[in-house]
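Below: one structure, written as structure tokens.
Note that the chains take the letters A, B and C in the order they are written out, and that residue 1 is the start of every chain.
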Amino acid sequence: MTSLAKSLNPKNDPNAGTERFERAEIDASARIPVLVFFGSAIFWLLIGSLLALIAAFKMNIPGLLDSEAWLTFGRVRPAHLNTVIYGWSSAAGIGVGLWLMARLCRVPMMHTSLLIVAGVFWNLGVLVGTLGILAGDSRSIEWLEFPGYATPILFIAYAFIGIWGVIMFRYRKPGHVYVSQWYLLAAFLWFPWLYGTVNMLLIWQPIQGSAQGAVNWWYAHNVLGLWFTPIGLASAYYMIPKVIGRPVHSYYLSILGFWSLALFYSWNGMHHLIGGPFPAWMISASVVASIMMFIPVITVAINHHMTMRGNFEALKWSPTLRFTVFGAMTYTLVSFQGSLMAIPSLNTLTHFTHYTIGHSHLGLYGFFTMMMFGAMYYIVPRLVGWEWPSASLIRWHFWLAAIGITLMVAALTIGGIIQGFALYDPAVSFTNSTLFASPFLWVRGVSGILLTVAHVVFAVNFVMMLARAGGPRDEPTLFAPHAPDKEVAAV
Amino acid sequence: MNPDNNKPVESEEFREAELSSEMNVAKVHGSILRERAEPRDGYEPISLWLITLAFGLLFWGGMYLVSHSGGFQANVFNSNLVAWDGAGAAAGKGPPDPMVVGKRVFTQYCAVCHQTTGQGVAGQFPPLVDSEWVLSREWHGDNHLVKVVLNGLQGPVTVKGAPYNNAMAPWGGVLKDEQISAVLTYIRNEWGNQAPPIPVEFVAKIREENAARTEAWTQKDLQAIERVVVEAAAGDAATEPPAAPAPAENPPST
Amino acid sequence: MNRLPLLFFGIFITFASAWAGLVAYPYLNLGRMLPITDEASGDILPPPISGLADAGQRVYAANGCVYCHSQQVRPAYLSTDIAKGLGGRRTVARDYIRSKPAFLGTMRTGPDLTNVGLRYAADWQHRHLYEPGVVTKGSIMPSFRYLYRMQKIQGQPSANAVQGLQGPHAPPPGFEVVPTQQAVELVAYLLSLKRDYPLPEAPQEEVP
């Protein structure tokens, strides 16, 4: 405790006390709204995981639960997709994004009741939308299956949040603007534009024909790249330097990474439709943009890696850092994979196969979800004023999730390639293409069970946290005790 | 370590007093006390190889875009065409090879049941490989084969000594004469089968003669019809008058 | 990069560039495309679909068929779709102007359906939707028998009863399976899926 006393002593750090009160004030103001979003997110994570298991095992056992309309694969699968995108990922991202923005803008959250109302509306929208899909009102537009009576609820809820976030940035304390703030500001501005456009052009005044496909995939890919990715990167840029106490390697790399992402990512959408009924230039533009993504991805990878260099040992004890670095490394991997998948000659093989599903889970789970877990492990103690009750639950969470996602991606990648070869060969009957992939789908189902258990473990720890279970602690809950001569961990 | 400007200690005390009415010092809990300062930027320069890579990719991207965009026309879908005048590729070719067309038709319409190997499914769908029905052996003629494709086949049949009892859909309404001619030529010359091709005119003639027929054939019906084989050399159906096809086909049989 | 106006401008302009190319452009060029009239035959291409088939699109969307079935034929230089017989030519934008939405699909857990109307007749479709595993051995397609009704035969069997059903849910003697309105619409839609007509921007690869 000597270092604590040292740091508390104003003689050593005249401004530390002020700064800490500031942060405490911010955290106190953020408590209810961010916990509302986190709690909702975890709830939808559990629902989404259950729906995923049902959908996954239906592919191996077609007769599973097949007598009811609301449980048919074609409804359960989009229900899973939408609950994990809008229910889990977006809500977690909003919670993390708002807290990060508040901390970095160094202003406490004001008028938080608006955010709480927005959170309630957001949940209502996801609930109504999911029930609508199961009832048979799905639009069958990928990533936008919520019926037209649910999407406006989400849009209004988001409007509160987005406006709020931008205003908070506007009224930030003067001084240097940190890289995470650019990403968060951009995400808050891009999402409503995406959601509004696609609601207008695909739901309220639908345009005809294959143009819908173009707008659909412009939307879906940009939700991933201009909403989730910036929030994930903002979190990584905050958590990594924060936990290890080093500066980010290069401000210039941050600038290059941010603007090249903004410029190239949004053009990627058509790579979901290579070979599809679109003018050649649109497809080629997306192929080029997908390859150009090497620039921001390599830039960010260098920035993160050079920041971490010499500090990898911290991964042994910090849950936040371990989940975050897992996510950051996966970001590099999945982006490289995505760029290569956009090359038309490779796309010929992987298009329409499980390989694509492996890729999407690597991105949304291996990168974004793991990143959000890391951020939540950091943020929640600061909101609740309590430490995580169980280190062993955190350990279980990490290993089940890490092994689960690795197994899932490996199974779908290999299965997808085999399926791709079978689909490519005119001499192989169609039924065989599904038959060959079938054992890999079993493995995928099992990996889904691992992930679901990981989520239950996390949810239990979270509820115990809210209930202030276990005794009060002075030390943070870590994977392993830190070395005795190091400072108390800054997690 | 501090992003803030240095402030005198008095303001810190003032701040403490200001805040104490809202929150206890005790609430500034351990996790904040032990936190490090907010993250900040370092200023390492961008390495040269990254800049080189970026420009290299930009150059490649520009070249690819210009050469694979079909002149940026809305009606050019083939990215391999640098078509500045907007023309699609429609190369004129010679008469199509029946084995190629036939294989395509077979894969699209027939392989679902008869399989791409032509082996069928035991007990369900008869094989075509070495089948007397396909190769016009024994009582089977080319005319029977065409009739089966045009109107379908149902009821108990025997193929290569094995019994089958299924329903083959009629394809006369779906496939044109050229397609039927091609696919029959294909199945008669694939998988080790060898038999003369079925000309388009022959298919057209049988279709015309069968125009009144709506029901699928049965084996019994077909056995009542005399066998007609197309001569490969002569290819003239007029020299083979089928034995009174009209009366034999009229009585509907089950 | 410390000022809101600069950041906002950059965020706006980068996003707007892709919005112009991938949203505004398709809206203007593809979204307002009209059918053409074939010179030789006078047909309107693509042909209009019946009201029943149009209603069938809603059933297709409601039950998520697109998550396993694609509806696009890729060109020969990029795939073996044409060699496999999925269609005589690649599909182009005009093929989808009657689709609401265009069910292009991104998975082939099940076969491509661009030209399924050319391959199977209504009775096969009904039997297949009712019990896919019996009609196609090894199929992993789920059963859609909830779109059908099993009822006692009243006097004469119904004209539209599904014939030839086998398997665990086949009707016992004295019972018949009748399609509901949704099944009728869906099958009408599936039968309407034919893109065997030529278009100037994508002529047939070969005759016929």
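We adopt the following convention: a contact is a pair of C-beta atoms (placed from the backbone, for glycine too) under 8 Å apart; a residue touches a chain by one contact, two chains touch by 3 or more.
All values reported here derive from a predicted model rather than from experimental measurement.
Taken as a graph of touching chains, this assembly is fully connected, with contact between every pair of chains.
Distance between Cα centroids is largest for the pairing of chain C with A.
For the interfaces B-C and A-B, the C-beta contact count is higher for A-B.
Mean C-alpha position of chain A lies 32 Å from that of chain C. Between chain B and chain C the centroid-to-centroid distance comes to 13 Å (mean Cα coordinates, whole Å). Centroid to centroid, with C-alpha atoms defining each point, chain A and chain B lie 36 Å apart.
Within chain C, contacts with two or more other chains are made by residues 29-30, 75, 83-85, 90, 92-93, 136-137. Chain B has residues 74-78, 107, 111 in contact with two or more other chains. Residue numbers of chain A whose C-beta contacts span two or more other chains: 176, 277-279, 285, 344, 426. Chain B meets chain C in the complex at residues 74-78, 80, 88, 90, 93, 96, 100-101, 104-109, 111-112, 121, 124, 167, 169, 174, 176, 178-179. Considering their complex, residues 29-30, 75, 77, 82-86, 88, 90, 92-93, 115, 118-121, 124, 136-137, 164, 200-203, 206-208 of chain C touch chain B. Listing the residues of chain A that touch chain C in their complex gives 58-60, 62-63, 66-69, 72-75, 77-78, 136-142, 169-170, 176-177, 182, 185-186, 189-190, 193, 197, 201-202, 206-216, 218, 222, 226, 255, 259, 262-263, 266-267, 269-270, 272-279, 282, 285-286, 344, 347-348, 351-353, 356-357, 423-426, 430-431, 433-435, 438. The part of chain C that touches chain A in the complex is made up of residues 1-4, 7-8, 10-12, 14-15, 17-19, 21-23, 25-27, 29-33, 60-68, 70, 72, 74-75, 78-81, 83-85, 90-111, 132-133, 136-147. Across the interface of their complex, chain A is touched by residues 1-4, 6-9, 11-12, 15-16, 19, 22-23, 27-47, 50, 53-54, 57-58, 60-61, 64-65, 68-79, 81, 107, 111, 115-116 of chain B.
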